[in-house]
Each structure stands twice: as C-alpha cells, then as structure tokens.
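Order of writing sets the chain letters: A, B, C, D and E. Residues in each chain are counted from 1.
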Amino acid sequence: MEMGNFPILSVLTFFPLVGVAIIAFINRENVNVIRWTAFVISVIEFIISIPLYFAFKLGTPQFQFVEKLPWIKSWGAYYYMGIDGITLFLVLLTTFLTMLSILASWSINKRVKEYMISFLFLETTMIGVFCALDLLLFYLFWEVMLIPMFLLIGVWGGPRRVYAAIKFFLYTMVGSVLMLGAIIYLYWMHYKATGTLSFELMELLKLKLDPRVVPFLFLAFALAFAIKVPMWPFHTWLPDAHVEAPTAGSVILAGILLKMGTYGFMRFCMPFFPAAVQKFAILFLALAVIGIIYGALVALVQEDIKKLVAYSSVSHLGTCMLGLFALNLQSVSGGLLQMINHGISTGALFLLVGMIYDRRHTRLIKEYGGIAKVMPIYATFFMIAVFSSCGLPGLNGFVGEFLTLLGAFKTYPLFAVLGATATVLSAAYLLWMYKRVFFHEITNPENMKLKDLNLREFIIMVLIVIPMFWIGLYPKPFLERMQPSVEAFIKLAKGEKSVVYQMEGRKVNLASLISEKLER
Amino acid sequence: MLKLILAVILIPLAGAMINGLFCWKTKRKAHLIAVPAIAIPAVISLVLFWKVAHGQRFDGTFYWWISVGNFRIPIGFLLDELSAVMIVTVTFVATWIHIYSIGYMDHETDRGYAKYFCYLNFFVFFMLTLVLANNYLLMFVGWEGVGLCSYLLIGYWYEKASAANAGMKAFITNRVGDFGFMIALFLLYKHLGSLIYHDVFASAHELTLPLATLITLLLFMGATGKSAQIPLYVWLPDAMEGPTPVSSLIHAATMVTAGVYMVARSHVLYNLAPFSMEVVASIGAATAMFAASMALVNNDLKRVLAYSTVSQLGYMFVGVGVGAYAAGVFHLFTHAFFKGLMFLCAGSVMHALHGELDMQKMGGLYNKMKITAITFIIGALAISGVPPLAGFWSKDSILHHAFVSGHKIIWFVGTVTAAMTAFYMFRLIFLTFFGEPRDKHIYEIAHENPPVMTIPLMVLAFFSATVGLLALLPGGGFEGFLNRLFEAAHHGAEHAAHGGHEAGGAAVLILISVLVAFMGIGLAYAMYMKHTPDPKKLTERFRPIYTLLYNRYYVDELYFALFINPTVGISRHVLWKIVDVLIIDGIVNGVARLCSLVGNLIRKIHTGFIPDYAWAILVGIIIVCGLKIIF
Amino acid sequence: MGIYELSFIAFGLIVFLSGVGVVALKNPVHSALALLANLTLTAVLYLSYLSAPFLGVVQIIVYVGAILVFILFVIMLMNVRKEDITETLLSPRLLFGLGAVVVFVAQILALNIFVSGSAQGAKYIHAKDIADLLFTKYVLPFELVSVLIFAAACGAIALAKKRM
Amino acid sequence: MVLASTKDIYLILPEIALLVTAAVVVIVDAYSRKRGSFLNILSSIGVIVAAYLNFKLYGDHGYAFGSIIYRDKLAYFANYVFLFCAFITCFYARDYLLRENRDYGEFYALVLFATLSMMFVASSASLLMFFLSLEVVSVCLYALAGFVRDRDLCVESALKYLLVGAFSAAFSVLGMAMVYYAAGSLDISAISRADITPFLAVGLVLFAVSIFFKLSAAPFHFWAPDVYQGAPAPVTGFMMTAAKAAIFFFVVRFFMMALGVKELWLSVLIFVSVVSMVIGNFSAIRQMDVKRLLAYSSIAHAGYAMVAIASGTKYGEVATVFYAVAYCLMNLGAFAVISVLAGKDERYVNLEDLQGVAVEHPVLAAALGVFLFSLAGMPGTIGFISKFYAFAAAFKAGLYGLVLFALINSAIAAYYYLKVVYYMFMREPKKSINVQVGVATGIAVLLLVAVVIQSGITPDYLFNFARMSLP
Amino acid sequence: MIPVSWIFALSVLVFATGALGVLIRKNAIVMFLCIELMLNGANIFFVGVSKMRGAAEGHIFVLFMMAIAAAEAAIGMAIITAFYRRKGGVEVDRADLMKW
C-alpha cells in the first residue's frame, strides 16, 4: 500500500513522547493507570511500525520512508530520517521488545511514573538512532539514549546499580567522544572538498580521504561501536549493567542497545573507510572469535543466571561481528539475522529470569533446583528460549548462526571453525544452567510454593516465542528484504563508492564511476 | 508422491503437537492420538516402499527454506531405496514400541504420560525428516532434532540427578559430533557451491583427494557422535536412564543408526576417499571389540544391551567401511528388530521387578515370565548369529565382505567379537532366566506383563526371526535391492562376488561364524549354568583386567579429567577471575581510581590561604611571561 | 653621570627602601606610615624629576590625604596588634615568595634592553594639558569614575553599616 | 580632539537607563520604610527599558566618545546577554534575599551598576576603558560577594575575592604601563598597529592577567572555587555568567579581531586552556559540595572556551560568542535551582544533604539535571551545540591535539555531573528537605530550561543572531 | 638625562616589593597597603613614559588609577571591617572555612 508522504518515521520516533506527556499529567498514586497507558502507547507504537514491514519495497538498496527537513541551516545539518533493509527489522525489534518489556515491568512499584516516562523516552531515542541518516542527528540520539538507560539502571536496579550505571555511561561516553572527533574531521573534509556544509551520510560517503588519516578515523569510529557491541576487551560493563538493570531494562539493553554497536559498524564505520576495513579485518575477526569463545567459556562458570546470559550475549554478538567482517553476502546477512535472533532469544531469556526474580528475588543458580515440577509451563518456555539461543535447527538461532559461519568459512575458514565451537559451548553452558535450575529434586523449601506463570506473563512468552519459530521455519521474508541493502553494504565496505548513488535512489553519475575505477 | 511423503512426516508432527499443546486435556488418552499418528505413516511408508520397489523415485521440494545469494536450501524430500528401507524400519518398530509403552508407562502422572508420547512422536517426526531429506542441511535439522528428543526423553524422569546429567551429556556429546558435521557442510558448500544431494553427488568428482578425505572424515566425526562410536560413545550407556521403550526406539533401533544412514547416503563421497573408508572400517571394528569386552562383565541388564548396541553399530560401520553399504544397511535393518525386541524384553523384566536391573539379584525367572523369556532368547539367538535367524544373515554378509575385500584383520576382529557377543548375550539369559533365584523377594514379585506389552514382544520376535530370510529373495535379496542405488553410483565391479553363496571360500566363512556363535553360547552355558570354570574364581584370577573392564576403562573419568574439568577450571579461575575481573576490570577501575587520586591531589592545591593564591598567581604570571619571551 | 642622575638614583633608593619598610615593619601602623613616606617621596619624584607638578600635588592630596588617612582610621578602629613577623623570616613561605618575586623581577628587567630613550623633555605637563585631554577623549571614563565611586559607596554601606 | 556630541550620548542610552534605574532604586530604598516587594520589579522594569533601547540602537555605529568605545552589533548583542543575566538575577534573587532577610535595595543597585559597567567592558576600544569598567564590575562583585554579611562563608569569600582581585589588577596596571610605553597609546587600534616587540608582548600578557583572572582560567583560577562556594547563590550565578561573558566579548574584540591570535597568543592560550581543563575536571571528581563542584566545572569550561579562542578564525569568534551565551544560560539556571534547594542559610549544599531530592521535588531535580547534562555537553542541550562548534572551529584551525584532549576531558567531566544526578535521583533522601519554591524562581528556572533545551534542539535562532552580530 | 630604563627599573622594584608584601604578610590591611604600593609603582612608570613622550595621557591614566585605588580602598575597608566584625581579627588565616 503506498504510504504517500505520511511521515511514518517521525511519527514512530516522537509518538512515545506523546505518551510521556500523557503520563506526566497522571497522578503518581494510581500506578495501574500509568502502567496501562504506557503499555497502550507502546502497543500503538508497535502497530504503527507494522506497515513499515509490508510497505517496504523489495529489491532496491535505496533508503525508504525518507524525510528530510532543514534542522540547523547554519551548519548544514538536516533532520534526515530513512530506513533500508538493515534498519527495518531493528526498528521492528525495538518496538516489539519495548512493548513486551513494558508489559513485563508490572513488578516495578517504586516511582512508576518516572520509570514509564524514561522508558518511553528511551524508545524514542532508540528509534531515532536507527532511522537517523544525518551524522549529527545520529550522534544526538546516540548520546541522549544514555540518559534514560542510565536512570533505568541507576534508580530501579539491583544492589550495585550505581556502579554499573556510571560504568555503563562513562564507557559509552568515552567511546562516542572519539567518534565525535572523527565526525568533525569528516565534516570539515567534506567542506574543503565540496565547499558546502553537510552532515548527510550520503554526502560524506562520497568523500575521498587521504590514506594516512583513514586508519585513525576508522579506529575512532570502531572504538565507539566496539564498546557498544561489546567486543572482547571492552565488554566488562555488560555483565554489571545487565545484572543490576531491572528486568525490562536488561531486555532492552541486551535486545537493542547492543545492536547499535553492530549497526554502527554496518552503517558508519565500515562503509566510510573501506581501505581500513581490509587493513584491520584480521584484527577485528580475531577479537570477534576471542569474544565468542571467551564469552562462552566465562558464561559456563557463572553462578548468576543474568550474568550467564550477559556473557552469552558477548558470545552471540561475537558471531555477528565475525559475520560482518567476513564481508560476503551469506555471512553479513547471517550476522544481521543473528542480531535480530539474539534480540529475541536473549530478550526472552531476560524476561524469564525476571519472572523468577520477581518470585524469589534471587538470581543465583544454586538457590533453584527442580522448578520444572512446580512450574511446568515456565520450564517449557525457558527450554524453548534456551534452545533458540544455542542455535537448535527449526528455531531462529540456527538460521542466523549457520549462515554466518557458512559465509565466514568461505573467506576465513580458520576463524569460522573457531567460531563454530560456540555451538558446542553455548549448548554446554545453557543446558548445564537449565539442568541445575530446573531438574534434580526440589531441595529448597521456598521453591515448593512457586506459582506458575500468570496470564500476563503467559501472553508475553507466547508473543516472544512466535518470531522464534517464524524466523526458524520461514526466514525468507527477512532475508529477501535484507539482501539488497547487504549487497550495497558489502560493495561499500569493499570500496565501490558508486553504490551510494543507488542508495540515494539517483542514477549513478558516470564521473564517480570512472574516478572510482581509476582510484582502485 | 509428495503428498504421501508429506503425510508420513507431518502426521507424527501433528500427533506430537496435539499431545504437546493440550497435554492437560489428553491425559490418559494420549496414546489414542500417539499410536495412530505412527501407525498410519507406517502403512503409508509400506506403500511407498512398494512403489520404490517398482522403480519409482522422488526428489522434490516442498518450499524454499533459506535462499541467500547462491546458497539456496529447499525443504525438499528424496525417496529412493535407502530412505524407503529406513522409513519402513523406523515407522514399523516405532509403532510397536508405542503400543508397548502404553503398558509400560501406565503408572506415570497424567501430564507426564501425555508429555512422553508427545516427545516420542516428535522423535519419529525428526527421524523421518532426517531420513527423507534431500539436502545435507535438512538432514542436519533432523539430526539435531533427534538429538533434542533423545535429550528430552533421557531426562524424562528429571527428578533423578543421574537422568538429568545423562540427558545433558547425550546432547552435548552429540553437539561435539555435529560440530564436525557442520564443518564438513561448510567445506561442501565452499567447494561445490550447494548442499543438495544430487548437486553434491553430481559434482563430487571435482573434489581433490585430500579435500574429499577431509570432508568424509568430518562427516564420519558427526556419525561417531550420533552413533556412539569410539571417541564419542560415552553418552549411550548413561542414556539408559530414560524409560526402556525410549532406549529401545532411540538407542537401539533408529537414532543411533542415523550415522550409518548418513555414511551410506554419502557413499559417493566415501568412494572418492579410500583412506577414510579404512578409518571408518577400523574404528567400527575397534568399537565393536571394545564395547563387547565391556559388556562381558557388566551386571546391569540394560547396560549390557547398550554395549551390545555400540558393538553392533561397530559392525555396521565395518560393513559400510569396507564398501559393502548394502550389507551395513541390511545389518541395521535386522538389528533394529532384534535389539528393539531385547530392550523391550529387558523393559518388561524391569517393569515386572519394579525397576530392578541388577542381574546378580535375578535368576530362575523363566517359569515366572514365560513369554518375555522366550522372546528374549529368540532375540539373543538372532544377535549371536545362529543361522536361521536375522542376525546371522546380516553379520555374516558383513564379515564375508570384509574378508573378500581384503580386510583380513578386521574380519578376524569381527569374528572374535561375534563370539564375545554370543557369550555375553547368553550370560545374560542364563543369569536372569535360568539357575536358582538368588533374591527371594524379587522372585515372588516377578509376574508376567499384560498382553499390551507381550504382544509387541511376540510380533518383534517373529520378525527378528524371519526378517533375515529377505536376503534369499530373488534379485540378490535385500542387499540386491539396495545395491540398485549403490551400484548405480559407482560401477566399480570389484565387489562382484557378493550376495548368495559362491564357491568354497564363502561356505568356509559361514561355517566359521556359525561355529564361533555356538562356541560362545556353550562357554556361557558352561560358566553360568554349570559353574565349571566358576566366574567368581575367574574374576579373582584376572582381578586387574576385571576391574578395568567393569569400570568401563575409566573412559568417563578420562574425559572429565582431559576435557571437562580443565575447561571449567580454566574458565573459572583464569578466564573469569583473572582476565575478566582482574585485568580488564582492573584496568578500567584502575583508570577511574587514578583519575580520582589525581583529582584529590590537584584539589589539595587550593589551600584556602590567600598568600598561597597570590603566590600561585605570581608563578602563573612568570610561566606565561616566560612563554611569551621564548616564543 | 651628572649630579642630576646621581640624585635620581639616591632618591630612587629611598623610595625603594620606604617600600621595603612597608613590608618589613611588624606593626601595621608603622607599615602605613612607611607607605605614607613612600607616596610623598614619589610625589616629590614626580615634581622634581618627572616634570609632573600637577600630578605630584594630586598624589599628595588624594593618595596620601584621602586613601591613606582613611586606611589609618580603619587601622585605629580595629586595635590591630603587632603581627609576629619573625616566624615568617625563615619559613618556607618567605623563601618561596622571595624566590618567585626575584624571578619575576629578573624576567621583567631582562626586558629593559628593549627600553630606549630618555626622559629628556623638559616641558612640564600642567593641569591645562591634562584637562583638555581629559575632557575630550577620556570624558566617558571620567563619568564612569563617578559610577565607580557611587558603587563603592553603596557596597561599603551594604557591608559595613551597623544596623541594617 | 572632538568633544562628546549628542550622537555619542545617544549611543549609550541603555547604560544611562540602567544608571537611572539604579539611582532610583537606591533612593526609593532609602526613603520607603516598608521594604516593599517592588524593588526587584522596579529593577526588572529598568532592565527591560534598557533592553528596549538596546533593541532600537542595534547596529554598527562605529566609535563613540572619541574612539574610546566601539558601538557595533557585537556590543549590542553583548548588552542583550548582560541585560538577560541581570534580569534573571534581579527577578529571582528576591526570594533568596527574603529568606535570608537581607532584602535591601543595595543588592539590585549593585547588580545594575555591574551590568552597566559590563556593557562598557564589552564595547571598550581602549585598555584603560576596559580596565576601569572592569574595576567597577569588580567593586560591585566584591560587595555582592559579601552581601549576606552575617554568614562566615560570605565574608571570607568577599575578602579573598578582594585581595586576590586587587593583586591581579595591579599586575594589569603594570602591563598597561608597559603597553603604553611600547605602543604609545592604550587604544586597541594603536596597539594593533604597533609592531610586536617582546616588551609589548609581555606588557600585553601582563595586562591579560586580569582577563585570565576574571575568566578563572587555570593559573589564575585559585580564587574561583572559594568565592563561588562562599558567595550567595544568586550572586555566584550572576558573577560566574555575566562577568565572564563580558570578558569573552572583550577577548573576541581585542584578541581576535584586533591583534589576531596566531602569532601572539597561541602558546599562552593553549597552555592556559590545557591547565584549566586538567585542574577544573580532575579536582571536581572528588568534590562533595555542589557549588564548589560547579566552580571547578566553570574553570574547566573556561578551558573549553579557550580552545575556541585559540582557533583564531572567524568560526572561532562565533564559537566563543555562542559559548559565552550558552555558558550564561546553563549556569544561571543551575544556580537558580541551587539557591532554592540550598534552603535557609544555604545549609543543604553538600551532596549528602541533597541526596534523594528527586523524590520530593522531581521538577526541580529534573531542571538541575537538564542544566548538568547541558554542562556535560549532552546533545539536545545548548551545552552540546556550543561545545561541538567550539571544537569544530578549533579542529578546522588545525589544533587536533588540543581538541582530542578537550574531548577526553569532557568525557571525564561527565562523571562528576553524573555524580550529582546520581545523588539526586538514585539515593533515598536522608532527611526531608522542606524547601518552598518562590514563584519568581520557578518562572526563572522554567524559562531557562526551555531556552537551554530549545536552543539545544533547534539552535538556529540564537546561533544566527550571534553570527550576524559579528563583523 | 634620566633614561627611561632607570625609571622602569625603579617602578618594577617598587612593584615587586608590594607583590612580596602581599605574599608574605598575613594581616589583611597590610596586604592592602602593599597592593596600594604596587599600584604606586606602576604609576611611576606611567609618569615616566608620559614625560618621555611629552604627552599628558600618562597623567590621566595615573589619575584614573588613583580613583580606582580610592574606590578599592573604600570597598576593601568595608569588607575588612565586616570580616573583623565576624572573625574578631584581621589575619588572613582566619579565612580557612573554604579549602579543597
């Protein structure tokens, strides 16, 4: 159905703010009214995002639903929003997971009003990050997103929440500060080259940068996104942030915030500096593989379920990065699909852990044992989530992981083999945890009287299990929507600048084609 | 044709879904859904078998699962001789086991009952997908799905710690095997561009020798994981924790044979890599001998059968390894029947004695459980290779091919193992059913099981007796039927002298194998009935060997010591505690603390005393003027 | 080196010594008196050497007469005792202070090489020259001084008036 | 020597309006017994009248009063900034003064005098004019710093400010004398024509001591933490913003336009900027007193502004001017909120006392949060826009190292802004802080929050106005 | 004739003693006196330059400096009296509430 010029992306981005306004006027006491309004807002938000999926034109790497308004005329910064194959599903994932996590935060009863306001504000900024095509606008959403997340972890978190919140904030801040330096450099290079001031992604992509500076710029961008992914050496903030964040917070943190790192690599870091991508490919692949194996091994020995799932995220996202840097069609689309799968399966795991945390207020594995007897439905949903996370065929994890490793094997066989060990290790730590929590007799008396899922929790789990089976059994609609953008990304990351014109929907002008041929 | 195949696959899935989703409704009546859900596909598969027998083949796709660039994976099905045989065996044996488990699981909780049947149906669904898939990836889906169901069913009584551990162990060991399988798939895709069978087999000749060997060895690594061969067999003995029908269906008849099926299916690749054929054969033989030796001394009824399964699988791999794919599959076919039967008999013994498995406590149960005993003896005879029964035909054919194709040592090992097989089977028979009852209480409570359990025993006993005769059918019998597929592949003729009975050489081989079988039975009879070389004295004399065998060569402990404990230890103490907490977090927190220390230091400059401020300003001026003077 | 220059040097020395007196004398009153001496001597310096008669007189009237007397009033108001300066003689603070000042002086005097020319113009600058410059070019600063004084008065009242 | 003509007086009408208002306030205060509430209204009206006059006069009028002040668009833009700060301070200070029962007319008079002289600072074309008007500002601020004279902190801060201020001023006088010797006159045009000998350079640097002093830049910043902590909150707000903005405007006019930064000032500016960033950021990390923490942050911000000044290009000038404006808005707001939260006698100033404020006063806490995030340079606030443009300007001028250093410093700085937000939002309140928010303060805070966020998201209006007023 | 460098030297010396006084003395009033002394030092050089140049501008600057000194003295003494009234003494180390 033709969308005409209905500014769907702006509506999507700023609709939660309407919710914030409504909640702001509700009295603090009637907590339920606040919860339901927040939930209804997030449901409407999800419904608005559905037409994106259907009205998405297949086959073209062009950006769709584009909106461009002058924002800061004196600097040449535009309010430039648009999505393509890569960001379509990330936006859908955002709205879907936010809806579920708001529904899952019924157990929050301290300052519910501020909680819901910061949650909806977080959703606005997240969608903004994914849809922004103007570097300054991207940076604005990228930084502002930290504030609500900082409040979520800091105010409603666990015992060491403050340390985790400040560590999370500063870690990301240091990274993005260097990125700001790189953006400024590109901004002025573009001004020197073309005489016009502009932050647009397309314009800056066409830049010719002198090779001496390119590695430093690449590393500046890469550091900011590597911290967010998190890649191996920069991951220590993740377990703390996840363990201390409230349930809904860690769902969003794992489900979406980590994807911004990989999204950053795909949208900004690699297309801008193809020469540096070749130069650092081995380094980043090695870090990704270390991340995979390291994350899995450390997850094996965790006593706290949430920390275990956090380290498993490090491992899964290592696979995504492996896929990205292997730079062929199968591995990149596998990596992209793995990002969405990880969002769903880890989101599900966190929701589940949150449910038993609400009942028993502890996350240590040894506190539990034999719960399957008392909570059979919960046990089955947990099992589905576990198997989706460790990549059982028929569920979503397998498709992404297999494609990534398959593609990676084509270009870098050794790294793919090392990455494939993750399948064994993920099965090991997840099943071992599952066994210690759900099987064996019930030793702890408190576990005896655990109630099974109530209706609300049941709905959440049913909703999150559906995409698991959908992607597992019929991933074609996802893959075909991603394919053109992934091909464009690979061309860009390999240095063919002419793709940019297709992405803008304009016809490729010969000048750049010729100059590009000369340059290579 | 496609509709029939879809029916065969989807009906068990439907049965499983119904039982799974509405388990609190179907409660006691779960079997009314589960059994027909297997029976109908059994009938259809017979029809399909009939069609394939008349030369019809099918290789089509239902829908495109993953298609990214030139990597296109269909949900497609291939029906030819091999898969027809497999679906018949699977569905037929599964039906009778479902009927049997109605009786066996009668004292389970309502929901547990439905859950059991749901898992069983799921298992059959995955097994059929594995067998009928027309590409390696869909086979891999079935492959892992079967592993999942074995995990669920082994861990059915999850209260028992041993069952839960066994389930996890099974799944992870399978996953280790699947890792090798996956790497093989990557290699195949990288060099041949597709994973669909007919594309792969068509362009298989392009593979260089080392590449083909590598792929086939990795595929075989997957097979060892799934079919419990030497390195990755440890999970099968522990898998006995699950209910006995499960052991009989999964760990005897169907799942463990998946490895053999896979090797048989990719015979084109294996023919290209003679070295890996040698590896398969030798590992098969080694496993056979190794497992049989452990079975000699084990006192647990089901563990003995488990080791015998591992040993028989070794045989199948020997068959396949020496190039006689048809013989290997034939042995698989016959083994499904008599091993399934024996497990069910063991199950009924266990059911009757309320879960008692230790053979020392049993004895003289013959007159209390007449039908179980007789069927058990038929099974034992079949497995030992006594002529008219099924085991003889298939095992002899394998040994024959081994000898003919020049693998003399393997033939010799096979024959010795045959003797050992006969010995430990009849040791089991004599210990449980004959001689004087050793435990009074056990003897009283022993009773025959209701017909719902005994009928499947009788049916399977009949088939395990007669199914061997298929080898005598016209056109080369069972193997001839299969060879239509395998011969078509490689028209090499050196195995011309197969099947039937040639001149003197073959007769001698048959004689030896029969002789060996009777020798084993006689020895068992002598030791356990007549106590002439009294087993107790023998164990005293060979104490060290006995303990080594009894403790299963300490393999489990070896694996734990070599792989599991070090990884857990390293990852806890080195990776997590030191690298993550000390080094990386140390650096991060260190920088933070350094900043606040420096901050505290600099803060101390502001002493609040005005002359100090004036002094500092003067120094500032001096520095700034100095800067100006110098530059 | 004429008698004129020598007398200038001597005179300068006396001015400098009175400055040192302000710093060195323990009793604040004595310091104030030393400053009085210094200011009057500079006024004499203006008159005699630097041909600035008007300025010398204004210096005496304004600086000494008004500001210094006012400060003396305040000193008297708060019966300020002698400050025991001895302890600071050898204390590190003195050494640091002295060191800094010496370095500063050395730095600035090093610039003396750039200073050329001599105060030879015998022309005295009388009130008339100052006036016509003051009331043409610098009339705004002149008005601003009135604001300055007004503000200072307001501030002083706000701070020091007893009963508000 | 042309005598001052009516045209010149016409040009300084806004200043005269303020002078009249101040005089009226003092007189009314002297005669009216009942300390009515209208004194702040009166001064606000005066400021508005001055603003209206300023609006009428906006434009390039060249030199006035015998080329001692230069009334161009930049001067009038500067006047707007000072008038805005004075308006906000006078408007909300009344609540503070009533609470401390020090509601005397002198406060408003002094504020008006200070604003008046700041206007002259911004537009002065001669060093003497600059120094004289700077002294008027200083005198007013010395008095204001000690205004609540029965509080120890206040008196101490006034004394410190006086002594150290006078000490630095003396150096400027010596500097001016040296400049007078080298350049023959104190007019900026004359100085820019004179050739740069080391004598003149040192003279200018010595003169710049009082500039760096007033900006609380690094080696000369020692007075700032104590004075800003001790002085009453509205005064600190006014002192920190308006006074600094005046100096920034003069610096833009003097350093950049007249003398050019490149060869004369670059090394000094880089040194001062680096040292003030380090001292400002690092000493604030362990700071537990909100006002002192903000004082250290203002030192750091002086460092960031120096980065913009050091670039020396046209972009640098716009960046400095905009930075001054942004800096005023942020700090005025922050101190308005602190003046309320600190309670009577400014007891609750330590972070421990302030913890958990967000529970009872979510709106105030949120407002302070916005100002703090803006100071930290979070996008979506004016802080980010000004910092971004300052660093971009310096980047374009090639100061890569300095900008990277500044970027890392602003990341470190984020910690202590975050610490305050953390204490306010994430801790349970120890004791209930019963603070009543005056209407005027409420309006002032909300107005400032709106401006900070509006020009963070759509900075075009303010930015273009700033860029237009530069030559 | 008196070279300007001598006058410059004299003024710097007087200035420096004033600066030294501020650094050393603890009494607020004496520090204030020393600041007056520093200003006076600077004035000497102003007059010296103005004599060299024969222009009256130096004198005007000195006049303005005197005005400034007077205003500062006024407000200074007010502050010191307030300080004295609060602290009971004029020594500068009484102002030690605010440090670090």
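We adopt the following convention: a contact is a pair of C-beta atoms (placed from the backbone, for glycine too) under 8 Å apart; a residue touches a chain by one contact, two chains touch by 3 or more.
Owing to the predicted nature of the structure, the values given are computational and were not obtained by experimental measurement.
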Exercise. Chain by chain, through touching neighbours only, how many steps does the shortest route from chain A to chain D take?
Worked result: 1
Problem set entry | Intersection of the contact lists for chain C and chain E | B, D
Exercise. Using each chain's Cα centroid, which is most distant from the centroid of chain A?
Worked result: C
Exercise. So which chain is the furthest away from chain D, centre to centre on CA atoms?
Worked result: B
Exercise. Which chain pair has the highest count of C-beta pairs that touch?
Worked result: C-E
For this session: Please indicate the chain closest to the centre of the assembly, with centres calculated from CA atoms only.
Result: A
Problem set entry | CA centroid of chain C to CA centroid of chain D, Å | 31
Exercise. In whole angstrom, what separates the CA-based centres of chain A and chain B?
Worked result: 38
Exercise. Rounded to the nearest whole Å, what is the centre-to-centre distance of chain D and chain E, using the mean of the C-alpha atoms as each centre?
Worked result: 26
Seminar exercise, completed: chain A to chain C, mean C-alpha position gap in Å, rounds to 71
Seminar exercise, completed: Note: chain E residues in touch with at least two other chains are 4, 8, 12, 18-19, 22-26, 31-32, 41, 43, 52, 57, 64, 68, 71-72, 75, 78-80, 82, 92, 95, 97-99
For this session: Could you list the positions in chain C whose residues touch two or more of the other chains?
Result: 93, 96-97, 100-101, 104, 107-108, 111, 115, 133, 138, 141, 145, 148, 151-152, 155-157, 159
For this session: Going through chain B residue by residue, note those that touch at least 2 other chains and give them in order.
Result: 592, 603, 606, 608, 610-612, 614-615, 618-619, 621, 625, 629
Seminar exercise, completed: Contacting chain pairs, sorted by label, are A-B, A-D, B-C, B-D, B-E, C-D, C-E, D-E
Problem set entry | Residues of chain E that touch chain C when the two form their complex | 1-10, 12-14, 16-21, 23-27, 29-30, 32-34, 36-37, 40-41, 43-44, 47-48, 50-52, 54-57, 59-60, 62-64, 66-75, 77-82, 84, 90-91
Exercise. Can you list the residues on chain D that touch chain A in the complex?
Worked result: 358-359, 362, 373, 378-380, 384-385, 388-389, 391-392, 395-396, 403-404, 407-408, 410-411, 414-415, 418-419, 421-422, 425-426, 458-460, 463-464, 467
Problem set entry | Residue numbers on chain D that touch chain C, as the complex places them | 1-4, 8, 12, 19, 26, 64-69, 102, 104, 106-107, 109-110, 113-114, 116-117, 120, 128-129, 132-133, 135-136, 139-140, 142-144, 146-147, 149, 158, 178, 181-182, 197-199, 202
Exercise. Inside the complex, what are the residues of chain A that reach chain D?
Worked result: 71-75, 111, 114, 136, 139-144, 146-147, 150-151, 154-155, 161-162, 165-166, 169-170, 173-174, 177-178, 180-181, 184-185, 187-188, 191
Exercise. Of all residues in chain E, which touch chain B in the complex?
Worked result: 19, 22-26, 31, 92-93, 95-100
